[in-house]
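Each of the next two complexes has chain A plus one more chain, namely chain B in the first and chain C in the second.
After this line comes the complex of A and B, so read on.
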């Protein structure tokens, strides 16, 4: 088994790339890999708690919480989040917040890195 | 270098890929990129399929778009998320996202 670091600089919740990144992280966790997941920019919206799930609409909170329970580490860029008014008190439990150093450090000891570019 | 390139868009112009040099190249079609595996223009397959590379398309994104095995170019292998994880770890060592 190995370590995969995913960096996702996608658009808001509802972005195909964000959906893809969460599903890929899930598949890697299921296969026993360690996964670090970093979100930056508008993707930090993922960290907000209390987002409601509607049919045929991207709803990632529940799958993310399940994956965190299986060992996924997910971190939002603190500056990006704060710049968008996503403060600590509305952040999903278990969702870490750090500066970009965290992402860089994670990539340095990862076996594989997937950086999903901005939209 | 063994490089896996994720192509996530159909309108992508191909020259970005032309500039990527790899001893082994894998092109993984995801999101709207899966149309490269199915759409023919004037009877010809997408120019993206003309490289010496291994081609893969994500089944979830094909099915979301109402596409299936019958629609896909013969050179493209249909994969799931678990397969992509295995490809990343076992077949390639670097990734790129286009």
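After this line comes the complex of A and C, so read on.
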């Protein structure tokens, strides 16, 4: 099985890029691949806990928690999150926070790097 | 000991969106990636400005004076200080009526030895072929 590193910069609400990236990560995890998922910029919104699912907005907390239970590693850019007021105490359980070098380190032994989105 | 080469392709203009600055801050993070890797392993970052992305390289940016923000120009200079390979597409500069005299070519005041390279798109293509992974911003 391979290793996939996915980076996404698009916000949870206002773009479907993050939805696509999470679906793609899910498909890879289901096939048995290792997936490292990095969110920075506006995509750090994904890390906030207590997201309420409305039908008019993307709702990714539940599928994300299921994927984390299946081995998905997901990490938010700490500086990008802090700049937006997304502090550690409101971060979803299991969601890691690191500096940008974590993402680059993950690419080191990745078979594929997919960099998705950005407004 | 192994090296993974990343190519950061910046194609959007600055400030209106966060992409160019994220590209630069992520590429600069290649300098501290070793803390996560085994001894001798490296991740390197080459940067290329293409299309409207070349506008990020304009010099005399006043982001700090006008908005209290570190300018993209300053990030480019930090990249040069850290010896990142920074390429700017010659054809795209010319398309916008710009030349080397309009853009950040060095960071002497930061003590950088590296300079920006204005190159034909064919050279950027070569860089893209030589890296392990491409990241488009």
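In this section, the second predicted complex is superposed on the first by the 115 of 119 C-alpha atoms of A that agree within 3 Å, B and C clash if a C-alpha of one lies under 4 Å from a C-alpha of the other, contacts with A are read in each partner's own complex, and residues count from 1 in each chain.
As a convention for this text, contacts are C-beta pairs under 8 Å (C-beta built on N, C-alpha and C of every residue); 3 or more make two chains touch, one makes a residue touch a chain.
These numbers were taken from a predicted model, which means no experiment stands behind them.
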| item | value |
| --- | --- |
| Superposed partners chain B and chain C on chain A - clash or fit | fit |
| First, second, both or neither for A:42, with chain B first and chain C second | second |
| Contacts of A:34 with chain B and chain C, given as first, second, both or neither | neither |
| Touching partner for A:17 - first (chain B), second (chain C), both, neither | first |
| Angular separation of chain B and chain C about chain A, which is computed from CA centres of the superposed model and rounded to the nearest 10 ° | 70 |
| Partner chain in contact with A:100 - chain B first, chain C second, else both or neither | second |
| First, second, both or neither for A:84, with chain B first and chain C second | neither |
| Touching partner for A:110 - first (chain B), second (chain C), both, neither | second |
| Minimum C-alpha spacing, chains overlaid - chain B and chain C, in Å | 6 |
| Residues of chain A at both interfaces, chain B in one complex, chain C in the other | 112-113, 115 |
| Contact footprint of chain A on chain C as seen in their complex | 2, 4, 6, 12, 17-19, 22, 25-26, 29-30, 32-33, 35-37, 41, 43, 45, 132-137 |
| Residue ranges of chain A touching chain C (in the complex, touch as defined) | 7, 9, 40-42, 99-105, 107-110, 112-113, 115, 118-119 |
| Complex interface listing, chain B residues touching chain A | 6, 8, 30-32, 60, 80-82, 84-86, 88-89, 93, 95, 97-98 |
| Complex interface listing, chain A residues touching chain B | 2, 4, 16-17, 20, 23-24, 26-28, 30-31, 33, 111-117 |
